[in-house]
Amino acid sequence: MTAIAPIDRASGQDLSFLASPRYAPLFETTEAAVVLVAPDLAETPGKVRARVIVDKPHEALLALLPRLYVPPVRIAGIHPTAKVGRDVRLAEGVTVEAYVVIGDGAVIGEGSWLESHVVVGRDVVIGRDSRLHPGVVLYPGARLGDRVQIHSGARIGSDGFGYVYRNGAHEKIPHVGRCVIENDVEIGANTTIDRGSIDDTVIGAGTKIDNLDMVAHTGRIGRLCLLMAQVGIAGSARVEDGCILAGQVGVSGHITIGRGARLAAQAGVFGSIPAGETWSGYPARPHREALRAQAAMFKLPSLIRALERLVERDDKR
Amino acid sequence: MTAIAPIDRASGQDLSFLASPRYAPLFETTEAAVVLVAPDLAETPGKVRARVIVDKPHEALLALLPRLYVPPVRIAGIHPTAKVGRDVRLAEGVTVEAYVVIGDGAVIGEGSWLESHVVVGRDVVIGRDSRLHPGVVLYPGARLGDRVQIHSGARIGSDGFGYVYRNGAHEKIPHVGRCVIENDVEIGANTTIDRGSIDDTVIGAGTKIDNLDMVAHTGRIGRLCLLMAQVGIAGSARVEDGCILAGQVGVSGHITIGRGARLAAQAGVFGSIPAGETWSGYPARPHREALRAQAAMFKLPSLIRALERLVERDDKR
Amino acid sequence: MTAIAPIDRASGQDLSFLASPRYAPLFETTEAAVVLVAPDLAETPGKVRARVIVDKPHEALLALLPRLYVPPVRIAGIHPTAKVGRDVRLAEGVTVEAYVVIGDGAVIGEGSWLESHVVVGRDVVIGRDSRLHPGVVLYPGARLGDRVQIHSGARIGSDGFGYVYRNGAHEKIPHVGRCVIENDVEIGANTTIDRGSIDDTVIGAGTKIDNLDMVAHTGRIGRLCLLMAQVGIAGSARVEDGCILAGQVGVSGHITIGRGARLAAQAGVFGSIPAGETWSGYPARPHREALRAQAAMFKLPSLIRALERLVERDDKR
């Protein structure tokens, strides 16, 4: 077997799975070599060559994936179209693909992989075995650890959004802090992480960031956090280790999300959150409190007239 | 006439329009060749060479646009700087502009147009007459139909955000599903659509997606949907045919938005929505219910003191 | 002194600062040449070579930054890999870096700087001393003023999201309006600004726009506005001069945000807002009113049972 595929498009070398009766009719026509089948579907008729009965085919598959999945082949070498600046140190075994541009003084560690059109700013440092997908831009001041993976179109170390209003104009504050991405971080497509103003912006080791997220200047994200898509972290906010932020969450500047806290999707967080708690809603509150307030709010319309009458009558007394 | 322009900057070959008395003074100075004029402004003084009285100048203009608008000229051919991998099949009449990179085994259909800096991953399939604007990246596993249009900076088929927490680390789950974009889909600038985990991510035929949207792994968007800007669809969510999602809507994972449903801007959807309904708010509810709850909520502050007193007095009895 | 750095990583040529007792222990080991110290920390022991006592070290630093900060060196010239179309007018002293693509008829003013991989569409006009960071794409129809700065991955002048439903399909409305970016505007990474449908989209002089923002077709943003990250402005909305929109704000189409108004983070704005006011929440209301409604809403759960009983009893009377 060479791959995993859904049952309707599995070929003769593929492993597939049947977990829902909805797809049982496809069992007659699939060409899959082996199919993992849920116990209650074990007797599904079909000409499948081999069926393996497992409790949870989907989970079994996830466990098999890393064994079957062939990671993409990387060939070491510098493509002739790559433009490499002065005093750049490229370690052994790096891959630099077509149309990559590397600024003066950059340092790139062993086994790192810069896919096509990547732009690496002046003096940027990249550790070992890191991978930048096509079109990633690292601004000057970015510093990546080992085994970092950055997806296509992400912008790392862009200028922070800082101005002083003076003489009738928003005057730009130069940003000189770094943007530090520690080991084993993965950053999603088109995400932007600004450099620090004076102190650094830091993404802690092992943290995973989804697509279209924004971490503003001097944000500090701890270790092993998960930030789902379209999350925004304002300037100088601190997210401690092991936090989980669901999609479209917004976190205000200069506050702290305590260790291991969880924020539900679209939560709007305007104050610090204690460690270990789950908050939700706008403005964010402890999840149970938010749910109770929402439930009460949706009961209110049917009561409001009667309540107004009660209050009115009471006032007249 | 060669173009359409607002009345203040129309030149002697342009068609323009006058629909609001606010712009009537410009009628004296405009150089427009022809002006469409609303009936109530028909007598506006001015030296305009030709005026055409129409009920709704703006709508008339929209109808004229496709006739007057000259689509950009495409010249077939492969730019010498394009890097084309092994076993790539380019149909006749394709256009591949400067600095395009096409991975091994890709297939590109007749009349398709890859603008500058586009990156096409290994084994990607693109149908006929599709157009990729500058800097689009198609990851391996992407599969585009005919007449698909993808705007600048969109990332199609990026890895899904899936990890298993094991041995003190978030271990990445390989993503091997495809990212299927059916015929006549248009995708906006900087939007990201992840590939499926095992099953495919699918964007149905004729659906239009705006800028900065996110469709997560194994999302299924039906046919003829409209997704406005900054919408986020979490993993394995299903949006059925003909739905309209307004800006900044968030849809949770593993739920279904029924056929033809509409979601108001910023709606936060945490459960499935029946076909044909309009929902809004956070958490999303049927639109009327949401409006009534909001109205009641904004009446509440003026009542709350009196209500607290009533309840307190009642408790003492 | 050549740079500013946090106290823990300042080298012998750096200026640093000590504003919090938390960092006082680092005073023993820092190599900083000069440290700005808050009055209450003036006596902190340490081998620092020079200490300057100032009231607010952080603010003093911000004031010093523009003097110490060495802007990146720009070398005029056209990189041999740049592809320049026909009838392009490049003023003296422009910088065009590697792999830039400039369409036919474009005009680029004196001292402007196109970093690597920038794509400039046909007939685009760029003023003087503007800077486009790597990978910026200007669609045809874009028109930039002087001293405009656009960050990496921003898409300026992309097609608006406009369709007419006809014959079972969403038919695209051609967009022929321009996308006008006036003088001294700065636009953040991966932000998208669509061109107008017929009239122009305009970003007023001196306005600053953060990362991942979206301004839809024919939006009009006034002068000296600040739009924080992930803000979305729907079609034909008008934001007057001097407005401040915090992160993740959404503004509906065809409404007006009055001069100098402020919108709190995540506000969902469905109607026009008077000049000078501060609004927040969903749906957005004047900030005080929104706060009072939220406070009442969170008091409601503890009252709702008693209120239901009161109303029920009253009904029976």
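We call the chains A, B and C, going by the order they appear; numbering starts again at 1 in every chain.
Rule of thumb we're sticking to: a residue touches a chain if its C-beta (ideal position, glycine included) is under 8 Å from a C-beta of that chain, and two chains touch if they have at least 3 such contacts.
All values reported here derive from a predicted model rather than from experimental measurement.
For the sequence-identical pair chain A and chain C, determine the rotation angle of the Cα superposition and round it to the nearest 5 degrees.
Chain A sits rotated relative to chain C by 120 degrees.
For the homomeric pair chain B and chain C, should the interface be classed as same or different, according to whether the shared residue numbers exceed half of all numbers used?
At the contact between chain B and chain C, which are copies of one sequence, the residues are largely different (under half shared).
Approximately how many whole Å separate the CA-defined centres of chain B and chain C?
22
What are the residues of chain C that contact at least two other chains?
Each of 81, 99, 117, 135, 153, 190, 212, 230, 248, 266, 282, 297, 300, 307, 310 in chain C touches at least two other chains.
Provide the residue numbers of chain A that touch chain C in the complex, in ascending order.
81, 83, 99, 101, 117, 119, 122, 135, 137, 139-140, 153, 155, 158-159, 161, 163-164, 168-170, 172-174, 176-177, 190, 192, 194, 198-200, 212, 214, 216, 230, 232, 234, 248, 250, 252, 266, 268, 270, 282-283, 285, 289, 292-293, 295-297, 299-300, 303, 306-307, 309-310
Using the touch definition from the top, list the residues of chain B that touch chain C in their complex.
Result: residues 3-6, 17, 58, 61-62, 65-66, 69, 71-72, 81, 97-99, 115-117, 133-135, 151-153, 184, 186, 188-190, 206, 208, 210-212, 224, 226, 228-230, 247-248, 265-266, 281-282, 294, 297-298, 300-301, 303-304, 307-308, 310-311, 314-315 of chain B touch chain C.
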